[in-house]
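Next come two complexes, and both contain chain A; in the first it sits with chain B, in the second with chain C.
Take a look at the complex of A and B:
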């Protein structure tokens, strides 16, 4: 059992967990989920399970400490004749200390396990001799559950969540097996109660969850696995290919990443539905975006929301940045001023976002790439509107929207090219080759068919992209295809499930000649 | 409430602030405008708006913003 897509998981582990969950008395179902979650973690990460236990205990203790301090602060402020301003400062300091310890333990574990080696590498040329980084390995999903742990402590500190005295409930919130590998990154208030409630498995939950899982498996098996051959071939030896092939590989990698990650999210959300837990959505038709900023509100939504709530707003509302915003607004106007000042918070967000994806210079470059694009987008918006007005371009017209869609698509593909590279230097080189050195000849002279995918593979991929577009348009118009199928009765439900299974079996890229994709985001 | 209206008009002229209940959801107030609005509210009403209060319910309407300011003033933040 190596991922949600392995036969052992889909045919043995998950069904066994569902059966045990349903047979258990309602008040004990949380124990089934927790035992399954830790068993899953153990199978994938072995003794590294101690790190998720350490994170759980640390946020439990931090939550209790914050709760106790908040109660004592309230009692102190209620006393007659107390200097309220002084009392607030005193208790505020103590609560901030508990927050820093709770967050610091979790970010510290992540920092040592994931980034120590990278920091040593960066500092070595400068002559800084650091102790060698520990080679312990990374527990599965550490980047995801650490953000959940931090959000819990921050929410208790801010008073938007209550501290949970129940260690087991917190453990389940952090380690719930459908989300532990690749998210979505949940907030405590979104899932903890539902996980604990032990809702029974229903026919509708089984169908909608199962069909959603099948859709995810189909996306991954038919598209992501198939594209893996081409992507690995070109990116494995990029020096042997010209700009056209590199550009095509970047485009196919973008599609592969989408089908792999969103397919995994379909499986995660589907499993959640089976257990009566509604996990937050991570994708909302990202390729329909018209700006880079909008793309990140539709792609990996829970990560973007995490950085918005726990980095962008706190940094923007810090004293110095607020003063900078006010003076920039007065000096540069209501639009350009705040956009210019937002650079500080945006830089924090995008450096964090880039590094969160991995310890490598290519991820730093990836973060800076989006920082520049989004910051410049805000700064140049008034100028862009003025140019359009002068040229008579209708910004609410279909032509302008089409231009925006194509531009955003190119921006996203270029970003994924940097992201897929093995270093920032290689990424920049490939970007230059794919743009300035672009030649369409290799795309039509048969070279494209010699890198792992034949014509049939391209046809199957193209057909599935059309299916994805149709589903995307339906969802964009507010339709929910699974609910519509459910309402049509048992025949329609079985027909859809069978169609997805047959599609996966017939067109899936598996067996001899194919290398299954490693769960891409699980390694982040 | 008129002070808030003046601030909003200055930040983004031409919006019918009184008639709207979807200022955030309808994207009239994006994150940058909210940050500017908060800076102005803090100056005008001598309050501190913590990050936890940046939720759509507090900024979707003029009444919501006014209720937030009143609440923060009562709390003496």
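Take a look at the complex of A and C:
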């Protein structure tokens, strides 16, 4: 069992868990989920399970400490004759200390396990000798559950969540197996009580969850695995391919990453639905975006929301940045000034976002790329509007929208090219080759068919892209295809599930001749 | 209570009917995707071992199972030449017991062997539960194994019956030409260590043993000579399992059954596999063991086996 897509998981582990869950008394169902989650973690990461236990205990203790401090502060402030300002400052300092310890333990574990080697590598040329980084590997999903742990402590600190005295509930919130590998990154208030409730498995939940899972499996097996043939071939030896092939590989990698990650999210959300837990959505037709900023509100939504709530707002509302905003407003005006000052918070967000994806210079470059695009986009918005007005371009017209869609697609593909590279230097080199050195000849002279995928593979991929587009348009219009199918009765439900199974079995890229794609986000 | 029970039963019935209907659709798709003959040209995987399906029913007395150790070490045509034994080698590269079981099931559809020889190197090759499930899926629904054939389907695939008209001239044996001497300095050095077989392998071995028993065949474990793959720890491990399951175990690396392999001349790739010269020695020894210990019949001179003599003659002419 290596992922949600392995036969052992889909055909043995998950069905066994669902049966045990349903047979268990309602008040004990959380125990089935917790046992299954830790068993899953153990199978994938073995003894590294101690780190998720450590994170759980640390946020539990931090939550209790924050709760106790908040109670004592309230009691102190309620006393007669107390210096309220001094008391607020004193208790505020103590609570901040608890917050820093709670967050620090979790970010510390993540930092040491994931980034120590990278930092040593960066500092080595500067002559800074650091102790060697530990090489004990990364627990599965550490980047995801660490963010959940941090959000819990921060929410308790802010008072938007109550501290949970129930260690088992927190453990389940952090390690729930459908979300542990690749998210979505849930907030405590979104899932903890539903996980604990032990809702029974219903026919509708089983259908909608199962069909959603099948859709995810199909995306992953038919498209992501198939594109792996081409993507691995070109990115494995990019020096042997011209700009056209590199550009095509970047486009196919973008599609592959989407089908892999959103397919995994479909499986995760589907599993959640079977257990009566509604996990937050991570994708909302990202390729329909018209700006880079909008793209990130539709792609990996829970990560973007996490950085917004726990990095962007705190940095923006910090004293120094508020002062900077005020002086920028005075110097540059009410529109450009705040946009310029927001660069500080944006830079923190995008450096964090880049580094969250991995310890490598290409991820730093990826983060900076989006920082520049989004920050400059904000700064240049007035100028852009003025130019459009002068040229008579209708900014609500279909033509302008189409231009925005194409531009955003190109921006996203270029970003994924940097992201897929093995270093920042290689990424920049490939970007230059794919743009300045772009030649369409290799796309039409048969070269494209010599990099692992034949014409039939491209046809299947194209057909699936059309299917994705249709589903995307329906969703964009507010339709819920699965609910519509559910209402149409048993035969329609069976037909949909059967069609997805047959499509995956026949057109799936698995078995001899295929190398299944590694769960990409699980390693971040 | 009764109402709830009825609802649950009705739900289960619906799920069972849906699953059955889906399997029926997949079975129909499997029919289309299954190669219509047992040759690579028709899309057959592992053509050499699937030649067993083209052998006349009930004509094979010995099945030789395992990984590359068996198909490079024992030549069925030599067993025929020297002992009149009819055998077929079902060895494939890196074979795991999950596939051994599938190939055995395939062979037992038409054949009633007296002896099934299982080369022991594959007993130690691990596999996962997922691989085992996938293998069962491939056996039940060939669409899982041959799904990629949608790229090359013809009208024939939709209407023609599935046939097996071809068999391998070498009866599954592959002679390795060439020599790379092996370093045999630590080969079969005495040791009390006992190599443990993975639990799943043990379960599959027991299943293979039951299949042989049901088919009236004797399962024999055989270790062919290899300095790279075999050692005393593995010998001890297999010996223990064989004694626990009541199976015969023959180790050609050590003891009274040891074959005098010249590691300077008889190795193909530095002790991993035997070359043709090494295979000749092992085939002679295996033929003698089969005839003397298991009484495999000598079919030479029997007109109904003339194709064996012809195949042997053609092989000698090559």
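Methods note: the second predicted complex is superposed on the first by the 524 of 524 C-alpha atoms of A that agree within 3 Å, B and C clash if a C-alpha of one lies under 4 Å from a C-alpha of the other, contacts with A are read in each partner's own complex, and residues count from 1 in each chain.
One rule holds for everything that comes next: contacts are C-beta pairs under 8 Å (C-beta built on N, C-alpha and C of every residue); 3 or more make two chains touch, one makes a residue touch a chain.
Predicted model only: the values in this text are computed from it and were never measured.
Colleague: Taking the superposition as given, does A:151 touch the first partner, chain B, the second, chain C, both, or neither?
Modeller: Once the two structures are laid over each other on A, A:151 reaches no partner at all.
Colleague: Where does A:256 make contact in the superposed view: on chain B (first), on chain C (second), on both, or on neither?
Modeller: neither
Colleague: Quick one: is A:325 in contact with chain B, with chain C, with both, or with neither? Answer first, second, both or neither.
Modeller: In the superposed model, A:325 contacts chain B only, not chain C.
Colleague: Considering only the touch criterion stated at the top, classify A:84 as touching first (chain B), second (chain C), both, or neither.
Modeller: first
Colleague: May I ask you to decide whether A:179 touches chain B, chain C, both, or neither, giving the answer as first, second, both or neither?
Modeller: Neither partner.
Colleague: Considering only the touch criterion stated at the top, classify A:378 as touching first (chain B), second (chain C), both, or neither.
Modeller: After superposing on A, A:378 lies in contact with chain B but is clear of chain C.
Colleague: For the complex, which residues does chain B have touching chain A?
Modeller: 10-12, 31-33, 35-36, 38-40, 42-43, 49-52, 54, 76
Colleague: Tell me, which parts of chain C touch chain A in their complex?
Modeller: It is residues 11, 14, 18, 21-22, 25-26, 29, 33, 45, 128-131, 133-134, 137, 141, 143-145, 147-148, 150-151 of chain C that touch chain A.
Colleague: Looking at the complex, which residues from chain A come into contact with chain C?
Modeller: Against chain C, the touching part of chain A is residues 1-2, 6-9, 11-12, 203, 454, 456, 490, 493-494, 497-498, 501-502, 505-508, 510-513.
Colleague: Across the complex, what residues on chain A touch chain B?
Modeller: Touching chain B: residues 84, 155, 158-160, 308-309, 312-314, 316-317, 322, 325-326, 329, 334, 337-339, 342, 378 of chain A.
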